[in-house]
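Each of the next two complexes has chain A plus one other chain: chain B in the first, chain C in the second.
== the complex of A and B ==
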């Protein structure tokens, strides 16, 4: 699971550029790596949302990745352990009534949930970036067609469509296939966001200057627009990832997820199915629920932090 | 009016898409829902597989599956339009439309009540938090509530069940009313329904207040920079009056747009909350249908939910000019 790393590293880099121009002019020397690190840390200090979000996601990634080194995947399989054990030294988070170790579910389930989110989020942002860019850049009938389709599909809650699709496929899904199904609808928000950003950039002064200066269309797209879109693409990706995970966990909790993989949503489903709380097996419910809470809160905070990075106006508003 | 016509057009597109999806999807897969259900029920009752082909053929003729494809498509569009959603396989003699209509009032009451409260509380909190001289504790409460909005409704619901139903035993763990009670119009029954709805409503409430608080806070910041706010202060109007009649009045209209954007998520969230609590609404019906892959019932639930969302959006577009005179003036 390299998701949090993927998100975190490029962000402070791009973010420090506008910041260095204003407040940290003295530390803006990018020559040495220690100074670079210091600039990044200074920025993170001013953006608590991003910092706390990254810390939460990193902690979850550490548990999931570190755990995979210690614990074999079979601990998350049914019948691998004695069922219905409360937390103990041997099973720190107990076992469910089918003999899955809940620690194993936490370690491997978090990874699977994140994997679905990353795959679906990447596909969603890639398609959304192309469609949104075309709509915003070419305007005219291209824009009308793309925007109308996006608007229509945005009215439909993704989970409901996915329920119908998954009910038709059901049974032998694995997490990769589920990620692809979720990606079917994950491009809607990115398309919207990228389109409106391209529309704003089109009218920006630097683009007019470039056009007057005789830059070719390709030059405008790749040298002027694309580099400036990167922070927005990043924010779009985090949001698309969060939405995809929301949809995948929802599908799993309804019982439409992969049956043979220990995803977090599936374990919520089994816990509800067997009435874990009525049996007093709180560890069975709380383990996946708390892991998901940390995951979603972390993603929300990172996304809010990236928003502040992409829209410096929000920063001024606070003061 | 133009907004409304555009919304009407989009709504018709949505209905057409939903109806076509229903027609297309089952045909893209090689599954035969009728055969599966009959085989499953035969297996349960210990019967043999003999004669299954004839039974399936008779059902296919009954559902019109032996007609040419284009005819089937037109028929299915027409059926969707007049809410003929077929017969449920798992609740056999019942029509899907009957089952859905029984569950719909529960869902509407649950989502409606929770959203109304969330709107009022969230809007007030969001407005107060950026108003100078508001209570200090809001600076702690509001960020927490915004973070809560990032958590899916049903996870909050599970934590509430754990705390209030399982540990403290204050409230029932689920259901619309106690098992064994026969629904009537008595006061006792209504009280029971109320007690059972506290936790589901609370989970939707906790998870959605932040949506309103966030957008209201943003609008209040913008409004406070306006000249008329400075003018109102210069005229010596009381803080109370400036808050309600000037700031909130102007900041509240975009909240309708927020509702338009959030409605789909609220409904989806509520579907899962109903499943967690076993609340007798559409969400739980959908879940029961999924358990046995009762395709007609699954599609019926989804179709009605999509229609309800589309219809609510149209109504919002109609009432929008009533709350925002600027749009009324623009025609």
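== the complex of A and C ==
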């Protein structure tokens, strides 16, 4: 219930210092780094989506990056091991019919697939953020040019372009080139998303408050607008990364991926090609599929968690 | 205590509404009794959270879980409202009890024509009309609320705010209900539109002879409109009676506080310019602010016609710029702050053109000219905590050299407007009320210690009880810190309270100027007269329309000359050229 807020005689005194004791007791840790760390931890506790998603991705990263320290890359190559072994102590995830260790595939394949997603996603979001920001902030002819090109390109189905390009390069392709091909079209959605956000934000009243506070043009862009864009940029990045990985796995499952690298998608392709399930080699199928499931669920949860972070009004209150 | 079942009108006895929340039971309405006879207007007054809207929702059968009506009787012409099932209530909503919502702009369906929205009520209550009959009913309803028949074919976005609110009234009275509930129907409208809507509402209520409940917190509006009044606080009735009796002799201290929070002619505390600590003139002997034939046009629309004035600054004063929305007053403020560039003429701050300043001059200008805006919700960057609005100027203007010094500044800023620093600077803006945010914005302005403050409708979005506090802050800034204030408002009453000089702006031109005693006590221009006549004075004996009917007055405004301002007196420190 609101009480009438009565302050009869406010005194804007200028010289006197507030009592040090009061200040220390009430707001002693204002602006210190321990306060900031505590705020972050408290926030993660209130946002289980983000926390669980980050944990899943961190676990996968730990397996993949940690595994690279113990297991050499050649274990993921054909003919490196005895083929068709079920899981055992020596080969915890078994081997496929060409002698790849599935543990090696898990370690190196996850890394390669995630690398495609990160490279394509980063390029896509970087281009999209710059274009979207320019279109939304400067309006005018800049906006017309950028928006028209983006809108036209958005009508092109990406798989069409990707299949055509990849099919022409198929045998010589490596994962980096794959990522670049996917990045060709990955900037379209981020451009649209960032532009619409900037359009809303450039009219916000707090930009006026900042200008009154003596903030320069660059300060307004980088200190007032950008922080509010970060959650959208991150959400855009997560989305672009997931889309890029989905596209790469799709291309690979069609056999259009890098033939000589053990990405998760190529493993799925080989498992289908050699009829792994008919041979009863469930571990061959299960390993890449589970890795993909953890990867995508983790990304989904992070993206859902960022949604909440993007809107402070939805941020859960401290208990 | 049983209400007689047969008597006409609404009889409410021992009504209790409780909300079951995690923190325990909230008694939103805690045992209230009242009765309204047909044709009577009853006002429900109280702060937000006092239970006045919950009472109305209970009478509409619209209390939602986790809320529950736990006791009481409400009979409307013998019909027991509280015992009706949800399905049965649907038959009575709109037909027996009708509701006029707060934000007309949000409650009309944007994709349906007005006539369709009026006819919806007839259809839902089993009386679909023949085509010709329907047209006739729509036209007569629109005429009743003073709208031309063509409005029926229009969509909501084609209407102004006041017209939309009147369309809502037409929808609410279509089925001639026995009880009308109006929930702050004019809270977002300026005084003239408010007067028009309230006069319309009063007339149609007389036409259909229903009882009416007006919910609000504006005591002035209550004094102008209702016959009886219920003052609520924390779910209880603290005072109930005839409106004249209550205004003449309020028995509860809370009622007295509410009445006193409304600016009024009698209580004007004349700002004593003699006691000021001396002004904050520009250091180079130039006037602080000057407009030299400044005009602003957006395409074909002239927002501000050529205007010239000088504000010396050595003798601090509060200059009020008064006008309706669209009068150009906010454009004027933006020009002063350098957010807009004048189409013609020059805005200069201590001799420098505001839009052509060098780097050093811009820094000084930004530090010395501050503002408080209308909307305390939009003024905070949601990414940062509250302290951001304070730390930014401290850093950019080099006002603090250490963490401790910055903290001292911030604590003083909070305390200068009566906020508890410990409860403030660690929070996010969305965790504070609009009133708290607006006070902190004022505190921020005090902290920066500008020479000139542009206050653009600083109190139009805060509760009445806070208004006088914030206006008091502005006055303190003038008298104790020597800050000159441009007070932009649509509200003549608050301008009367704090201004030393008033400019009345109409369609981009100054139509009248002078000290408040001249302009408001003896308005000469028809537009000023219309504005003054439309102020809802908190005095049941001083009625709207003392200067004639609204239509007559609007007519004489339309015929009046707007090219030459009526200037009757001048004050030291401000000169209109």
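Operating definition for what follows: the second predicted complex is superposed on the first by the 257 of 319 C-alpha atoms of A that agree within 3 Å, B and C clash if a C-alpha of one lies under 4 Å from a C-alpha of the other, contacts with A are read in each partner's own complex, and residues count from 1 in each chain.
Definition applied: a contact is a pair of C-beta atoms (placed from the backbone, for glycine too) under 8 Å apart; a residue touches a chain by one contact, two chains touch by 3 or more.
These figures come from a predicted structure and were not determined experimentally.
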- Scan A:228 for contacts with chain B and chain C and give back first, second, both or neither. second
- Task: For A:204, select first, second, both or neither according to whether it touches chain B, chain C, the two together, or no partner.
- Result: second
- Message: For A:293 in the superposed arrangement: first (chain B), second (chain C), both or neither?
- Response: first
- Query: Should A:69 be classified as contacting the first partner (chain B), the second (chain C), both, or neither?
  - Reply: neither
- Which superposed partner A:165 touches (first chain B, second chain C, both, neither): first
- Is A:218 contacted by the first partner chain B, the second partner chain C, both or neither? neither
- chain A residues contacting chain B in one complex and chain C in the other none
- Note on the structure: In the complex, chain B touches chain A at residues 10-11, 13-14, 17-18, 21-22, 25-26, 28-29, 31, 147, 149-152, 154-155, 158-159, 161-162, 165-166, 173, 221, 264-265, 267-268, 271-272, 275-276, 286-287, 290-291, 293, 295, 298-299, 302, 305-306, 309-310, 313
- Over in the complex, which chain A residues touch chain C? Could you list them? 1-2, 4-14, 17-18, 23, 26-27, 30-31, 204-206, 208-215, 219, 224, 227-228, 312-313, 315
- chain C contacts chain A in the complex at 47-50, 234, 254, 257, 261, 337, 339, 363, 366-367, 369-371, 373, 375, 377-384, 387, 389, 392-393, 396-397, 403, 406-408, 411-412, 415-418, 421-422, 425-426, 428, 430, 433, 435-436, 439, 441, 446, 449, 463, 465-466, 469, 472-473, 476-477, 480-481
- What does chain A use to touch chain B in their complex? 148, 151-161, 163-165, 167-170, 242, 246, 249-250, 253-256, 268, 272, 277-278, 280, 282, 285-286, 289, 292-293, 296-297, 299-301, 317
